[in-house]
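Before I ask anything, let me first share the structure, which is written out below as structure tokens.
Residue numbering begins at 1 within each chain, and the chains themselves are lettered A, B, C and D in the order written.
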Amino acid sequence: ARLQQRFDERIDAGEFIEAKGWMPEHYRRTLVRQISQHAHSEIVGMLPEGNWIGRAPTLKRKAILLAKVQDEGGHGLYLYAAAETLGTSRDQLLEALHSGQAKYSSIFNYPTLTWADMGTIGWLVDGAAIMNQVPICRCSYAPYARAMVRICREESFHQRQGYEALLTMMQQGSDAQRAMVQDAVNRWWWPSIMMFGPPDDQSPNSAQSMRWGIKRVSNDELRQKFIDAAVEQAQVLGVTLPDPALRWNAEREHWDHGPIDWSEFKRVLAGDGPCNRERLAARVQAWAEGAWVREAALAHARKQAPKEEVA
Amino acid sequence: MTQSIELRRDPAVQYLLRIADTTLILAQRLGEWCGHAPILEEDIALTNMALDLVGQSRALLTRAGELEGRGHDEDQLAFLRDERDYFNLTLVELPRGDFAFTVLRNLFVAGWARLLWERLCDSGDIEVAAIAGKAVKEVRYHQQHAIDWVVRLADGTDESRHRIEAALAQAWRYTPELFESDAVDEHARQAGLGPRRADLREPWLAEMAAVFAEAGLALPATGGYTSTGSRGVHSEHMGYLLAEMQYLQRAYPGGAW
Amino acid sequence: MTQSIELRRDPAVQYLLRIADTTLILAQRLGEWCGHAPILEEDIALTNMALDLVGQSRALLTRAGELEGRGHDEDQLAFLRDERDYFNLTLVELPRGDFAFTVLRNLFVAGWARLLWERLCDSGDIEVAAIAGKAVKEVRYHQQHAIDWVVRLADGTDESRHRIEAALAQAWRYTPELFESDAVDEHARQAGLGPRRADLREPWLAEMAAVFAEAGLALPATGGYTSTGSRGVHSEHMGYLLAEMQYLQRAYPGGAW
Amino acid sequence: ARLQQRFDERIDAGEFIEAKGWMPEHYRRTLVRQISQHAHSEIVGMLPEGNWIGRAPTLKRKAILLAKVQDEGGHGLYLYAAAETLGTSRDQLLEALHSGQAKYSSIFNYPTLTWADMGTIGWLVDGAAIMNQVPICRCSYAPYARAMVRICREESFHQRQGYEALLTMMQQGSDAQRAMVQDAVNRWWWPSIMMFGPPDDQSPNSAQSMRWGIKRVSNDELRQKFIDAAVEQAQVLGVTLPDPALRWNAEREHWDHGPIDWSEFKRVLAGDGPCNRERLAARVQAWAEGAWVREAALAHARKQAPKEEVA
């Protein structure tokens, strides 16, 4: 109880919690869940983008895409490391992913069908991710906050590159290419604005997370901020966002948007999206097919250890 | 009508394309691991290598295009040639295979490429020399990564040893091509552009022998087959690889990306 | 510049393309078995089915091109559309899979196609009716072949039963699309061109129930997912399939073959 | 000895031997070897052609290719059946193929690299096969002879289709397509004329086979006949055959050709061709991966058998 009080005081004072400090079990569990979910999203997110490495239309774009997926792998590494400071190993976290217990961002259950999806994911999906993540740079748990600072910096770079790729196609491309961009935006818009999670009045865990300083800004607030930015960017780009109800509300000084189909969100979250099975199956397969490699590395390390002691 | 580009037949151009295509096609194969590697660190390492290789290829393709003198840029050269005009080593176009095959192929190709890049640092073509200066550092890392894994897998478990041996049996028969020299190589040597492939053979074999000794693997005998990708006659795998790699450029001719 | 053809948006055309593309893409997948089937008789059977399906597709594509009225022939329609303009069921574009998946998919698609072709025999479009008259005989054999194998595998060994169950779990979630009806289906019914897909649902389920009963397999529950290939929004597999299928037409625009 | 004499008389009289008739063991073994080698060639030959089914450039060509590989599968079936009349089962024959003991035509160890290879295989490879096979229609072993009659009829159809495909590309195609045809002809010419086997003076088994009426015409004779026909066809087609020594010999009334690189032939036969390993590996893999299917079919048949007896 003393510890709990001390913890609460630190949180209230806006201080950071370090790995070695005491923390309530629920706080720890909430963080492990959130950080690992974020880590899983990075590595599952490599799949839809990896899908286009072999087909990138220019070498410059191929290089940019390779660098991006490599960054995402790196983000996965930092985040697993941050989660490990809370006492759960990467293998345990992966086990939870593979068994379907742990979640990853539902956005990656949508397929990447054209090259324009690469740019659109950069613009909208990474854009939404950044909106979500920037506040976490001030998260009360310091190792997570530190990882997020670095991740956010790289993500904004990816977002700009994605947007720039779309701009090139829209401004210098053919009609067919512009249609490809518009099609991609049509498919990714709604899933992107669902990335902020359910409306505030239906988001049960938010209050406690806000209280603990894990979450800093509400879902709806972030969503609005994202939409306001995206509408302007869409205009510059010359694409239409697939929401006929989008209009400027001079009173609120925000863009009003149409109703979000939350049943679709729940359906995909529950496993009935276009790619849920394939994404998870791909990860499970990679892990299973790589088992012999990991075992060999371990066996080799074990054989080396005594030799090195002798040397 | 944007059909395939017509390549000017020139030994210096072909010499550079052999290297540029070898790095490009290997990058294509390594990129297939993205999201599917045995551990996250390897997802990162393999995509990182692919990135290095694409960079090397871009620089060399650009230089080859300049020497060719028909205004072909890196993308026209990368995406709009007919299969017969790609000159990569056959070894790099073989399917991704398992992780053992991947690291063993990397061992062979990176070892070869390092020796080549080292010599190209002294190329009479200063652009090529500059490219080589950067590439040699990258490929040293690729080679070390491959050596570490080959040794680890050979020493690890029964299964990993069995797999590295199977990979060796498969990959070794494509290695004679790495050291075959023809008029293109001769021309490069005489023009001071770079070494003949044959000149790399002895040091490469010596390095491989050292790695194999450390790994406890027997060097296989060399058979009677020499693959011919570097002369533009590829394996059946190449067509599928190109169909995928070139698809967007073919389906949206003249597009801006 | 031979880019993709521009398809006129017309419900009758789209109605026929849905069927023509479904048979074409399934033929593409079945053709992958050539030389790789479990027994020689199946190499022959599967390529024979692919051949029937290509024939059906050619006839329907030709008719669709006539209705479209832009002079597109079977090959322009087969090879020069953008992915969004292919309207096959998503189920047929999924990778070949193992033999269990192949025969189970054939069971689903042949059962669906037989019901459809039977009704198309009475199509107000006499060309379509004539095509259907021939196709219905072919697809009866395809369906019987699939039933025999599904029953055999379900009854055979533990492994074969496990595999057919795994195939079922995978394929079943793509079946709602077989019976989804939209404005295109409505138009076809009202114009007397052919049935709505929804009209095939009950008889199909009844036939499947009979086969499943014979095979001792449980019909899975229907989930909340409906695939969208017939509306032109495909799976990630489609792009690879098209890259391969279209490659020659894309790389040699305007060629004579 | 009585039987042997009777057999020799039948052979000398040009009569056919039937499956039930007596035959010397060496005659039987020679036939099993030759028929199974021929059967294996049909099914291994499906691989290089199957390689282009998915990429056939028009639907008509796709249909023709599918029909052709289907025919080849059918030829495999007749030939395995003919070999089975000699007391060796298909499984035994396949076992010999998979273990590397049995051979198949070395021509299939070359890769099919372009679409023009399909036409060229039809024209040259099937053309050479027909030259080899037509005499076998008069082979002394009747079941083999009967199979060959049907096979030869279908093969000539394939040859005409292949030639017609090349003619279309040469006469109506682009320069790039004509170059593709020439390239394919360059690659397939020498392997095709090697299909007739070593020169007569180096063909050790030929004499006995001729004596037995299994072989009817010598290797060199067939090869010459093939070359004479091909030169004319090449002229119509508008392609050059890659042999600068080809010239008409008015005295012999045949086309003289340059020296054949038999070391290449032996090398490929010994396993060092471009695709030997891949072809065999593909067959072995298909067989191994299909094992569970064959077992399931067998298990089902066994369960059905008693039921049917009851019914």
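Keep in mind that, in the parts below, a residue touches a chain if its C-beta (ideal position, glycine included) is under 8 Å from a C-beta of that chain, and two chains touch if they have at least 3 such contacts.
Model, not experiment: these values are computed from the prediction.
Visitor: Looking at A-C and A-B, which pair shares more C-beta contacts?
Guide: Contact tally favours A-B.
Visitor: Counting only Cα atoms for the centres, state how far subunit A is from subunit B in Å.
Guide: Here the centre of subunit B sits 34 Å away from the centre of subunit A.
Visitor: Mind checking the centre-to-centre distance between subunit A and subunit D? Centres are C-alpha means, answer in whole Å.
Guide: Centres of subunit A and subunit D (C-alpha means) sit 57 Å apart.
Visitor: Could you please state the distance in Å, as a whole number, between where the Cα atoms of subunit B are centred and where those of subunit C are centred?
Guide: 40
Visitor: Of all residues in subunit A, which are in touch with two or more distinct other chains?
Guide: Answer for subunit A, listing residues that touch two or more other chains: 55, 174, 176.
Visitor: Considering subunit C alone, which of its residues make contact with at least two other chains?
Guide: Answer for subunit C, listing residues that touch two or more other chains: 3-4, 82, 239, 243-244, 247, 252, 254.
Visitor: Just spell out which pairs of chains touch, all of them.
Guide: The complete list of chain pairs in contact reads A-B, A-C, B-C, B-D, C-D.
Visitor: In the complex, go through subunit D and note every residue touching subunit C.
Guide: 43, 46-47, 49-50, 53-63, 66-67, 69-70, 73-74, 76-77, 80, 115, 165, 168-169, 171-174, 176-177, 282-283, 285-287, 289-300, 303
Visitor: For the complex, which residues does subunit C have touching subunit D?
Guide: Listed in rising order, the residues of subunit C that touch subunit D are 24, 27-28, 31-32, 34-44, 47-48, 50-51, 54-55, 57-58, 61, 74-75, 78-79, 98-99, 151-153, 155-157, 159-160, 163, 244-245, 247-249, 252, 254-257.
Visitor: Given the complex with subunit C, which residues does subunit B contribute to the contact?
Guide: Residues 1-4, 82, 239-240, 242-244, 246-247, 250-254 of subunit B touch subunit C in their complex.
Visitor: Going by the contact rule at the top, pick out the subunit A residues touching subunit C in the complex.
Guide: Residues 48, 51, 55, 111-114, 174, 176, 183, 187, 267, 270-275, 277-278.
Visitor: Which positions of subunit B touch subunit D when the two form their complex?
Guide: 3-4, 82-84, 170, 173, 223-225, 227, 233-236, 238-239, 243
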